[in-house]
Amino acid sequence: MIIVCNKNASTKSVDELVKRLEEVAQTHISKGENSIVIGLVGDTSKLDPEDIKAYPIVEKVQRVSEPFKLANRKFHEADTVIDIGGVKIGGGDFAVMAGPCSVETEEQIVYTAKMVKQSGAKILRGGAFKPRTSPYAFRGLKAEGIRLLEIAKKETGLPIVTELMSLDHLEYFENVDIIQIGARNMQNFEMLSEIGQINKPILLKRGLANTIEEWLMSAEYIMANGNENVILCERGIRTFETALRNTYDLACVPYMKALTHLPIIGDPSHATGKARLVRPLARATKAVGADGLMIEVHPNPAKALCDGAQSVTPEEFELIMQEL
Amino acid sequence: MIIVCNKNASTKSVDELVKRLEEVAQTHISKGENSIVIGLVGDTSKLDPEDIKAYPIVEKVQRVSEPFKLANRKFHEADTVIDIGGVKIGGGDFAVMAGPCSVETEEQIVYTAKMVKQSGAKILRGGAFKPRTSPYAFRGLKAEGIRLLEIAKKETGLPIVTELMSLDHLEYFENVDIIQIGARNMQNFEMLSEIGQINKPILLKRGLANTIEEWLMSAEYIMANGNENVILCERGIRTFETALRNTYDLACVPYMKALTHLPIIGDPSHATGKARLVRPLARATKAVGADGLMIEVHPNPAKALCDGAQSVTPEEFELIMQEL
Amino acid sequence: MIIVCNKNASTKSVDELVKRLEEVAQTHISKGENSIVIGLVGDTSKLDPEDIKAYPIVEKVQRVSEPFKLANRKFHEADTVIDIGGVKIGGGDFAVMAGPCSVETEEQIVYTAKMVKQSGAKILRGGAFKPRTSPYAFRGLKAEGIRLLEIAKKETGLPIVTELMSLDHLEYFENVDIIQIGARNMQNFEMLSEIGQINKPILLKRGLANTIEEWLMSAEYIMANGNENVILCERGIRTFETALRNTYDLACVPYMKALTHLPIIGDPSHATGKARLVRPLARATKAVGADGLMIEVHPNPAKALCDGAQSVTPEEFELIMQEL
Amino acid sequence: MIIVCNKNASTKSVDELVKRLEEVAQTHISKGENSIVIGLVGDTSKLDPEDIKAYPIVEKVQRVSEPFKLANRKFHEADTVIDIGGVKIGGGDFAVMAGPCSVETEEQIVYTAKMVKQSGAKILRGGAFKPRTSPYAFRGLKAEGIRLLEIAKKETGLPIVTELMSLDHLEYFENVDIIQIGARNMQNFEMLSEIGQINKPILLKRGLANTIEEWLMSAEYIMANGNENVILCERGIRTFETALRNTYDLACVPYMKALTHLPIIGDPSHATGKARLVRPLARATKAVGADGLMIEVHPNPAKALCDGAQSVTPEEFELIMQEL
C-alpha cells in the first residue's frame, strides 16, 4: 500500500501515522519535492484505505496488492474445479445450466428439464424465490417451486441450481445442488457469511454496479467462512446504455482468469434481456474462455410468468448447443 | 402503457396479445405506416414491461404512468410528515441526523451525542451492524453497539437511527426509533417486505446504482406491506467518476418532490467520502429543498474504526449547523 | 411518437400543442384516467422530443420509430458492403485491420505492414495525428506519419486507415483509403457534415459514453450529406468499472445488426487497454458476428511511443489470425 | 509515480525499465514479498502511465502527483479572476450568464438581453452555432446569430458568450467576449490547442463522461498554448440514471476548488433538462461555492427552436435572481 502525504505535513503528524501503520506492516518513507510517500510492505488486507484517508495529512492511498487472498490466483495457481455430482465446472470443462426463469408447473419444469438435458445441458436452473422490482409482480412459487425442481431432478438426473433470497428459506434448499446468490444480494454480507458455512457450491452473480474487485471480495467472504466452492457468474452491468437491459462485460472473463482460480460463467439471458441475442452471445462467451453458461429456456416464452423476453425456446436452445 | 408492434405482425398474433392485455386493462389499437401501436388504459401496475416484450411481435414497451401508487404524489398530494417522538421530518421541517459511522465505546457515543445535540442535531445516528466490503474489516459492535446507542439516547433524549443488516437482528431493534435500510439492501426484497410489517419509521437509502423509479418501488414494497413511514435518503450514486466515492445526485431531490409525498434527506458524508466537502454540500442539500441531512461526526476522525475519512469533528459540525 | 400530457391540462393548451404537432404529422388523442395521450403518426424525425417537453402540460415524450432513416435497416434491408480496393467489409466478409497505434519510423511501419499482411490482415492501420489527454504527450508524426503510411501501402499493397483530427488536415488524406473518426469526435457535428461530402469510406468509432442511437445518428449525419460508406467500430464504453480502460460492449453488435445495414467491427485493443486480452476478445468479436476487427500490433510494444500496453507483437498477432 | 512490477521479474527486465524511467525522473526501488515497487521522483507529467504498462513485468502504474501544472493550485495559490469588461468571474465574485439556448430573431435576443440584465445577469448567452444530435434538427442561425448577439450587446452593454463548433468559424467571433467550448468538444484537442493561442476568455464545459482530471487536462491544453483565461463549467454528466437528462455533479465544485485556481460555474439548465428544476439547483450551485451560473432564459419556452424544455421565462429568472 502506498500512502501519499502533503509535503507540508509536520514531522509529528507523519510520525503518528507511521506509528499506527507499523502495527500492521513495515513502512518505507521517501520525501519528494511535492509530497511525502509512505510505502507499506506486508499483509495490508486488514487496512481499509478509507480509514487511512481520515488523517488530514493524507492525500491519496493506493493499494499495491489485491485485498483478497483465498480467491487470489497468486496464492492458489491451479484452477478450482467444482464437482456437482460428476458435472465439473472449471479447469477446462464447459458446463451449461439451462431452464426457465421461474418454475411454474410440474409439467413445465419437467418438460423443460428433459428438453435441455437432451440438448446437452448439464445442470437445470429454475427460479422458485424470485426478486422482482415491483411488490405487485409474481414472485415465484417459493417452496413449492423447489419441490417441483426436485421432481425434475429425479426425472432427469440433472443437478439443480436456484436462488436464495433470504436465510430464512435455507431449510428448503437441502436438495438443491448449487445455491445462487443473485446480483442484488452480492453485497448482502450477512448472507455471504452464513452461506460460507454451508457445504454446497455457491453461484455468485455479479452485482448490477459492482467492480470486479468487490465481486472477488464477496467471493472472499464466502471462502473466509469455510466454503471454497464458489462459481462466479457475469450477468451484465448497469451503464448509461439502456437499449439493452445491461451491458455484458465479457472482457472481465479473461481479465479475471489471471486474478482468480475460481470458475467464471456467463449469463447472456439476463445480460441482454433479449432472446434473439442469446445465441451470438453464447458463442462469444465460450470463445472468450468462460467455464460455462447459464441460459433461460422456456417452452412458451410469451406465456412465461416472468422474464419471457429473454427466454429462448427449447428449439433455439438446441441450435445454440449444437453451435457450441 | 404503450406497446409498439412490428408492422408485419399477423392479425392472429396481434389478437393473441390484445387478448392477454385485456385481462388487465382496456386497449386502443392504431396502425401506422411503420408500426402497430397498442395503448393500454387502466391500472397497469401489475404488468411487467419485460414480460410483454417476450411476444416476438413486440418492439417496444413504454410505461405512461408510474408503477408506484402508495408512494405517488398523484394519489396523495400532501407531504408525508413523519413524527419521531416530536421530531418532524417532511412537510417543511428540516431535521439533521448526526453521529459516528460506527459506535465504538460508551464514552465515544455519549460524548458525540451530547455534542451534536448541543449544535442542533435532532436525531443520533451510529452504526452497530456495519456492512464492509472486506470480510477482514471491523464489522461493528453489533448488539452491543445498539445497547450503547440506547444509553446515549437516555442521556440526551435524542431518538436513534441505525442500520439493519439482517432480519435475524430485529430483536435488538426494539428501542431503535428509525430503522435504516442501507444502499446495498435497497433491493433486498425479502427484507423490505418484512419491515413493511413493522410499525417504525424506515430510512431507505438509495442503492449504489439504482434509478429513482427503482428506489420508489422499494419504498412501495414497504408501504404495500402496511408501513407508510418511509424516509428516503440520497447518498450518492456510482458513476464513471472515481475522484470522489460517489456522485451526489442533488437534482433528484426537487425532481422527486413532484413524484412522491415522502420526505427526502441527503447524506453528503457517504456521497463524497471526504470530510472537507460535507460543509458546502450540507448547505447545497438544504438549498435544493431536502427535508434534512445525515452527517457523520466523530470526536477523532483519524482514530475512527471505520470511514473516518468522511467524518467531521464536533467543532466542524457546529460550524455547519450555524450556517444552516 | 407518443406524448403524454397531464390529465388536468386545459382544452386550450392541448389544442395549441396538437396544432403545432399537426404541422409535422397526424395526431390521435386518447384520454385516460390519469393522463391524456397524443399519438403522432408519420415522419417525426424532424421533431426533437426535448422541444416538445417544453410545453408545460407535457409529462413524457417517447419515440416509437427510430430517428435515423438512411442508416436504418427498415428502409434498406440488404447489408451494406464496403469495397476498399477489393477488400470487402460487411455482408459476411470478415476483415482485419492491423498496425501500430502510432506511426513512428519508416522501418517500423513498413516492417509491421509486411508482418500483418503475412498473417492475413487486409488493411493497415497507423496513427499519424494522435489524440492525447495531455498536452505534454507525444501527438504523432502528423503529415509525415501519413507519408510513411503511404510508403507502407506501396510496399505491401494494403489499403490504409488513419484518424482525422481536424478538417484542416484533410489535404494530407488524399491517399488514405479509410478516414477514421475517433471516439472523441463522434459528435463533432461540423466534422461529420464535412466528411459526409467526401467520397471515401469512413470508420466511425463509438464515443466513450454515447448510446447506440446517438452513434447511429452520427452515421446518419455523414450519410445525410451524401456519403453512405460508413463502417461502425465498437471500441469500449466508459462505465463505473475502471479495472480495464473501457467496457467492451460486444452485445451491441448483434443488437445493431437488426437496426442497421452498416458493417460493424470491434477494437479489442482500445476497449481493454491490455495486450493479453486482445486474443480472447478477438475470438469473441468474431463469434458474436462482427464484420471485422481492428487490432494494434507493434514490433516492440514496450518501446511504443503511445499505447504500448495494448499492442500485441507480430508473433501474437499471427496466433490470433490463425485462431480466427 | 509508483510502478508495481511482478515479483518474478528478471533483474534484466527491471533494469531495462529503470533505465528508461531515469531518462525522465529519479527512481527508488523497494522489493516486497509479492511485488517490486519502483517510485519515481521528479516531474513525471510527460510520462503516460499507459505507456509504462506496456512493459510485460509491470502490473500497476499509479500517479502520485497530478498531471496538470498550469491549472494546479499547488503552483498558483491565488484564485484566478477573469475580467470581462469589468465583470469579474472567480475570487469571490458571483456572475450569472443568461439568455436563450438559440438566438432566433433580433427581437427575441434583444428583449431577452434587456430582461436578464434588469434581473441582474452580467453576461448574455445565446447559441448561434448549435450542436444537435440529429442532422435533421435546427442547427442555429450561425454567423447571423452572432450578428444578432452583437446587436443585443450594443443595446444592453452585456458582454456575450457563445459556442464555437469549428475553428473555421473563428472569424465570426471577433466581438464575442467569451468563447464557449461545448461538452462534445471538450476533448477536441486540435481546437483546444488553437484557442489556446487566442487572447479571449474560454468557457470550457465538462464533457458528458469526462473525469475531473481529464477536464483539467483540457484546461491545461488551452493554458499550455498561452491562454490562461479559462472558466470551467459543470453541466451534468452521463450516468445510468435517465430520469433527468444528466446527473448534475455539484460535489465537484468544492472538490475542484482545492485542485485548481480556475473559476468554476454551474449550468443547471443543461444538467437537468427541466425548467422547473433550475431554481432549486441555482440556489444549490451558489450554496456549494461556485463562481457563477449559466441559465437558459427564453421569452416563450414552448416556442423555442431548441431546448425549450429547460428554459425558464424572464419572470422565473427574476425570481431566481432575487433568491440568489
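A, B, C and D are the chain letters, set down in written order, and residue numbers restart from 1 in every chain.
Note that in this section contacts are C-beta pairs under 8 Å (C-beta built on N, C-alpha and C of every residue); 3 or more make two chains touch, one makes a residue touch a chain.
In this text, all values refer to a predicted model and were calculated from it rather than measured experimentally.
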> What are the chains that subunit B and subunit C both touch?
Replying inline: A, D
> Pick the pair with more C-beta contacts: A-D or A-B?
Replying inline: A-B
> So which chain is the furthest away from subunit D, centre to centre on CA atoms?
Replying inline: A
>> Counting only Cα atoms for the centres, state how far subunit B is from subunit D in Å.
In response: 32
> Taking each chain's centre as the mean position of its Cα atoms, how many Å separate subunit A from subunit D?
Replying inline: 38
>> Distance between subunit A and subunit B based on Cα centroids, please, to the nearest Å.
In response: 25
>> At least two partner chains per residue is the criterion; list those residues in subunit A.
In response: 209, 238-240, 242, 274
>> Using the touch definition from the top, list the residues of subunit A that touch subunit B in their complex.
In response: 45-46, 48, 50-56, 67, 131-137, 139, 165-168, 184-185, 187-193, 208-210, 214, 217, 220-221, 224-225, 238, 245, 273-275, 301-302, 304-311
> Touching subunit A in the complex: which residues of subunit C?
Replying inline: 209, 211-213, 237, 239-244, 247-255, 258, 268, 271-272, 274, 276-277, 280-281, 283-289
>> If we count contacts the way the header does, which residues on subunit D are in touch with subunit A in the complex?
In response: 2, 4, 28, 30, 32-35, 37, 39, 41-42, 60, 62, 64-65, 74, 209, 238-240, 242
